[in-house]
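What follows are several structures.
Shared chain: chain A. Partners: chain B in the first complex, chain C in the second.
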Partner chain A sequence: MSEPASKIESQKEIKQIKDMGLDQGVARLTPEKIEKVVNEVLENETGARLKAYVESCVHCGLCSDACHYYVSRKDPIFSPAAKVKQTLWEILEKKGKVSPEFIRRAAEVAYTECNLCRRCAMYCPFGIDVAYMMLTMRRICHKLGVTPQYIQDTAHSHSATMNQMWVKEDEWVDTLFWQEEEAQEEIPGLRIPVEKEGADIMYSVIGPEPKFRAQLIYQAAVILNAAGADWTMPATPGWDNSDMAMYTGDNEMMARLKKEHFETATRLKVKRIVMGECGHAFRSVYDMGNRALGWKMPPVPVVHALEYYYELFRAGRIKVAKKFEKPVTLHDPCNVIRGRGLHEMTRYVVNKTCENFIEMTPNREHNYCCCAGGGVINCGPPFRDKRVVSNSVKADQISATTKKGVEVVIAPCHNCHGGLEDIIHHFGLGVELKFLGDIIYEVMEKPE
Partner chain B sequence: MATVEFKGKSFDVDEDGFITDYNQWNEEWVEYVKEQEGIDEMTDEHKLVIKVLQEYYEKNGIAPMVRVLSKLTKFKLKHIYELFPSGPGKGACKMAGLPKPTGCV
Partner chain C sequence: MHTLHNLVSGPLVWLAFIIFIGGSIYKLVTMAKEAKKKDPLVYEYWDGNYAFRSILHWLTPFGSVNWRKNPVLTLVTFAFHISVILVPIFLLAHVLLWKESFDISWWYLPEAAADWMTLIVIFACIFFAGRRMIRKDVKYLTSSSDYWILAMVAAPFITGYWAHHHWPMYRLMYILHILSGEIMLAAIPFTRLSHMLYFVFTRGYIGSEFGAVRHARDW
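For the complex of A and B:
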C-alpha cells in the first residue's frame, strides 16, 4: 500500500482535520472497493484530456507562485503540482491500488486545499487545468462516499428540494411576495412578477438569498423595475441556479439541477436567464452542468448579473442620482472573470456608480482567489481556519488598497463574500464588503 | 475544536465560533456572542429573535428562513439586520446556539 503522499511531499506533516463525512466514509473503504471505483471513473469518465495533462507536466513549478495557498504558506505541499501528486498521479501510477488513508488525505486536498479557481492553469506553460484534475479526484471520492459533511448536506438539500438550503416551495413563493410587499413601501407599484409566461427574462438566484439575504431579491427587483425590464421569477423548483453537487463530484445530480433550471426557463417561455451575483452557479450553468447534459452552450442564453448591469448602464436604463462616495476596490471572482471575461464590463459599472475606484493588484484575470470558492467554504467550520490562514496574500492585497484610502471592497459573488468577510475579520483589515447590486441600489435614481 | 471560557462557563465551539453542543447554550453564551458581534445592548427584540430561532430549531432541526423569522417576530427584514448586523444566519443563529447553517454562507 502506498504511503499518504503528504508524508512524501512535506517535511512538516499536515495535521489531519476531523470531519465526520470524511472520517466515516473512509472507515467504510476497502482496498478492493477503492481500486474498483478508481478504475471505473478513470476508464469510463476520463480520456485524452486527463492523459495529456498528466503526461505534459514537466514539474517546472510555475503553478506554485500562481496559487494563493502556496504564496500564503510557502509550503511546497500546497503547490498545485503537489496537490496532483497527492491525488491523481499517485492513483494513476498505482493503478488504483492505494490505501484508505491515502484516499483520506487525497479527499482533504481535493475538497479543501484547492478552490478550482484556475489561476494556475493560466500560468502553466501547457495550460494544464489542475481544477479539472481536482474535480476528477472529487468524482472518485463522491463515488467512494468520502465527502466532507457540510458540503454533502448541501448536496443532499439539492437532491431533496432542488435548492441548496432546504427551502420549501411555499416558503420560496411567500418570500417573493414578502419582499415585493416590503419593496412596495419604498416604491409603490413595484412588482416581483411570478410565473409570467413569455417574459423576456427569468431572474434566478441562489438558495442563501431567500433563506437569509432576501434584501438581495428586494434590490434586484428595484433595479429590474427601474430599468423597465420584462421579467419573471418561477414559483416552482428550478429557481435556484446554484450547484454544490458539481463540487462534491455528484455529476448526475449536477445535471438534474441544471435540467430543472433550464426546463423552468423553457416552461416560462423566456428569452434568457439573468442570474444574480454568484460565481460558482454561473460556472454550473455556463460551463459544467450544461456540458454534462450534452449542450456546449446553455440551451437558454444565460446572462450573469455583472453583464446585465453593464447592459442596463450602457443603454442608460439605470441612472445614477449620486455616485457612491467612499473609495472602493473590486475583487474579481474567478468564475465570471477568468471564466467568462466580464472584467471590463464590471469596471464600466463600477466607474459609472462610484466616485473613486482604486484597483487592487493583481487584478482582472490575475486576481487572487477568495479561498472560499470551489466548495471550500461549503465544507464548513472544520476547514475554516485553514482557508483563512492560507490566504494571507489576499489580506496583503486588500490592505495595500486600504493604504490608498479604500473603505469598501466590492465582491460580486456569494462565496467571495463569505471568504473575504472571514479574511477581513481575521486580519483586522477594517473594510466594508458589498455586492455590486448593493452599490447600484444605493446610488440609482428610483422611480417615485 | 476550541473551547471558549467566559464568566466561569465553558463552551465547545467550531472554527466559525458556533457552539457544537446545543445543550451548552445559556445566558453567558448570549452575553459572549453579544460582545463578539459588537451589539451594544440586548433588547427584548433580540431576545424574541433568539426564542423564535430556538423553538423552530428544536422542532425542525434547522434554522428557519428569514421570512419565517420575520413572520413570527413581526420584524421587517431591515430591522432583523439592524438587530444582528452580521445577519440572521451568522449572528442570530450563533447567539441562539444553533449550528452553522450549511450552504454558501
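For the complex of A and C:
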C-alpha cells in the first residue's frame, strides 16, 4: 500500500541538484538540532490552522491537476499534497525526529518545487493552503540554516542594504538621475522627483530594476509625468519593495524590510504607495509583510501598477496615440490576480492599448504559474533546468495562443518575466515578452 | 449472541454517541481556542459572506472548476456524501428505534430509496479504493489508514444491507452492523473523518482570504 516518501525518492532516483547552501547547511545538522528547531517552530509559530489542514486532508489527489509541476511532469511527487507528504506530514508524524537527508530533500521540495502560487487552494475542496505549509517548511529550513545559496545571498543583501541587489545608496540615487537624464532627451523637462515631501504618491520598485532593468524606471517616469501625477521616489533605503526574506523563511527580516518601506512612505508624507509591475513584492507589502508587522491591511494604501494604470486609463489621464498592433496575450501573475483580483482591470488596460488581445487558457485566477515565482527563480542557476522543464504546460498554453496569431506575451510581473523568458527560449516558442508598462510607453501620447 | 446483542444495542450506543458528540465538541473547542491564541489571523480575516460564498460553491455539485474537471468523481462523491449522511438519519428502521426509545420521530426515506442509497455508499467506497490503487498521484498519497477509513465507512452499510435482506447469518450481521456503525461514529472526531467537522472552517477561511482580502474567486 503506502510507501514512505523517502523510499519512493530513492526508487525514482531523483537527481540531487548540488547547491552549496543546501549541502553545507545539511552537513552542519544533527538529529538533535533538527528535532529542537522543528519543535520550536511547530510549537511557537503554528497551531490550529496547520493541524486542521493536516487532519482534514483526505489524500484525494484533487489538488494534483492544479499544479503546473504535476501537470507538466505527471510525476506523483509533484502533486501539492505529495509535497506536504515529503515535508510536514512526515515531520509531524515523527515529531521532528527526521534525518539531515530528509531535511535536504524537504528543503528542495519547499524552495524549488513549489512556487507558492496558491492555485491548489482553489482546487482543494477543503481550501487547504499548501503554500502556507511550504512556507512553514521554509521557516524550519531557515532556522536550521539550510537555504539555497542564491536566494540566501539576496536575503543577505536585504539585511545588509535593505535592498535585494546590494545596491548602494549613492548608486540608487545615481540611477534615478541617470534615468531622468535619459528620459529628458526624449521629453525635456521631465523630472523624477526625489524626496518630495507631501507628494500624493511614493513610487517604489524592486531591487532588480535599478540593477538590471533601469529602463523601467524611465518608462514609469514618462507615464507618471504624462498623467500629471504628483509623485516622488525616496533617496534612502526603503525604496525597494521586494522581499526575498519572505521566501527564505526569514520572517524577522521580512518584517524589518516592510517596516522600512512603510516608514519611508510615512516620512515622505505621501497618500499612497504605487509599486511597479512586480508580483512577489506586492504579496510582501499587501499580504505577508504587513501581517508580520501586525498590520491587518497595509498602514499606507498600496496600489499595484496594474491597478494604477487602470485608474489612469479610466480617468483618461493617458491618451493612446496608436494602439499596439501585434496580437497579444496576457499572462495573469499569481500574486496580483489570485492575490489581489486585478485581472479585469488589467484586461481593461490591455484592450485600451492593444488592437488584438487573445486570451490564453486557462486564464484569470486559473492561470498556470510561471514556475519562477515564490523565490524559485531566485534559487538560481542550479535549479533553472528543473523549473523550466517542470512547466511544459505553460509552453503548451502559450503555444496554443501563437497558433491563433499571438506574437507578444504580456507578463506584468518581474518573476513571471524571468520565468517565461526561459520557457519561451527553451521551448522555442518564438514570441516576444513585454511588461504592460512597455506597451503603454510605446502607444501613449507623450508630452512634447 | 443475545448478550452481545444487548451490549452493542445498549451501552455501546450510548458510548458511541457520547464519544462522537463529546469528541466533536472537544475537538472544535480546543481548535477554536488554539486558533485564538496562535492563529488569530483566522478570526481577523474571517468574513461570513465570503466564507459562505466559498462553502456554497463547493457544496454545489459542479459548482467549482475542479468539480467540473472531474465529473465522475464529482457525481460519486456527492452521491456518496448525501447518502452516507441521510441514510443513517432517515432510514425507517432507525427512525423506529428513536420512536421506541425516546418517543420522537421524523420523516423517513422510502425503503427502495434507502436500499439504493446504501448501495451507492458501498460502491462509492469501492470506487474510492480503486482510485487509490489506480491513479498514480493518489496512490502516492495513500497510506494504509486511508483504506481502513474506507472499510470503516463501508462496513455498517454492507452489514446493514446484508441483515436487512435476511441473507445467511443475518443475525450476526445485524450485530456487526450496530458495532461497525458505533465504531464509525466514534471515529469521526479522531480520524481524517474529522474533515466533516473542519470543512466549513478551512473552506470558509480560504474563502474569506480570497474574497475579502484578495478580491478573487476560489472555486
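In this section, the second predicted complex is superposed on the first by the 439 of 448 C-alpha atoms of A that agree within 3 Å, B and C clash if a C-alpha of one lies under 4 Å from a C-alpha of the other, contacts with A are read in each partner's own complex, and residues count from 1 in each chain.
What we mean here is this: a contact is a pair of C-beta atoms (placed from the backbone, for glycine too) under 8 Å apart; a residue touches a chain by one contact, two chains touch by 3 or more.
Source: prediction; values computed, not measured.
Novice: Determine, for the superposed arrangement built on chain A, whether chain B and chain C clash or fit.
Specialist: On the superposed model, which is not a single observed complex, chain B and chain C fit side by side.
Novice: Looking at the overlay, does A:K394 come into contact with chain B only (first), chain C only (second), both, or neither?
Specialist: Neither partner.
Novice: Under the stated touch criterion, which partner chain does A:R256 make contact with: chain B (first), chain C (second), both, or neither?
Specialist: After superposition on chain A, A:R256 lies in contact with neither partner.
Novice: Go through the superposed model and pick first if A:R105 touches only chain B, second if only chain C, both, or neither.
Specialist: Neither partner.
Novice: Report for A:M122: first if it touches chain B alone, second if chain C alone, otherwise both or neither.
Specialist: The answer is second: A:M122 touches chain C but not chain B.
Novice: Of the two partner chains, chain B (first) and chain C (second), which one does A:A81 touch, if any: first, second, both, or neither?
Specialist: Touch partner of A:A81: chain C, not chain B.
Novice: Could you say whether A:H142 touches chain B, chain C, both of them, or neither, answering first, second, both or neither?
Specialist: So A:H142 meets neither chain B nor chain C here.
Novice: For A:K296, select first, second, both or neither according to whether it touches chain B, chain C, the two together, or no partner.
Specialist: Touch status of A:K296: second partner only.
Novice: Once the two complexes are aligned on their shared chain, state how close chain B comes to chain C by Cα atoms, in whole Å.
Specialist: 24
Novice: So in the complex, the part of chain A that touches chain B is made up of which residues?
Specialist: Counting only chain A, the residues touching chain B are 18, 150-151, 153-154, 157, 164-167, 171, 174-175, 178-179, 182, 206-208, 210-215, 218, 242, 244, 278, 280, 377-378, 380-385, 414-415, 418.
Novice: Considering the complex alone, what residue numbers of chain B touch chain A?
Specialist: 1, 14-16, 18, 62, 65-68, 70, 76-78, 81, 87-89, 100-105
Novice: If you look only at chain C, which of its residues touch chain A in the complex?
Specialist: So the residues of chain C in touch with chain A come to 31-32, 34-35, 37-39, 41-42, 44-45, 54, 58, 64-66, 69-70, 73, 132, 135-144, 146-147, 192, 194-195, 198-199, 201-207, 210, 213-219.
Novice: Per the contact definition, I'd like the list of chain A residues that touch chain C in the complex.
Specialist: Answer in residue numbers: 1-2, 8, 45-49, 51-53, 55-62, 64-66, 70, 74, 76-77, 79, 81-82, 85, 121-123, 125-129, 287, 291, 296-297, 337-341, 343, 365-366.
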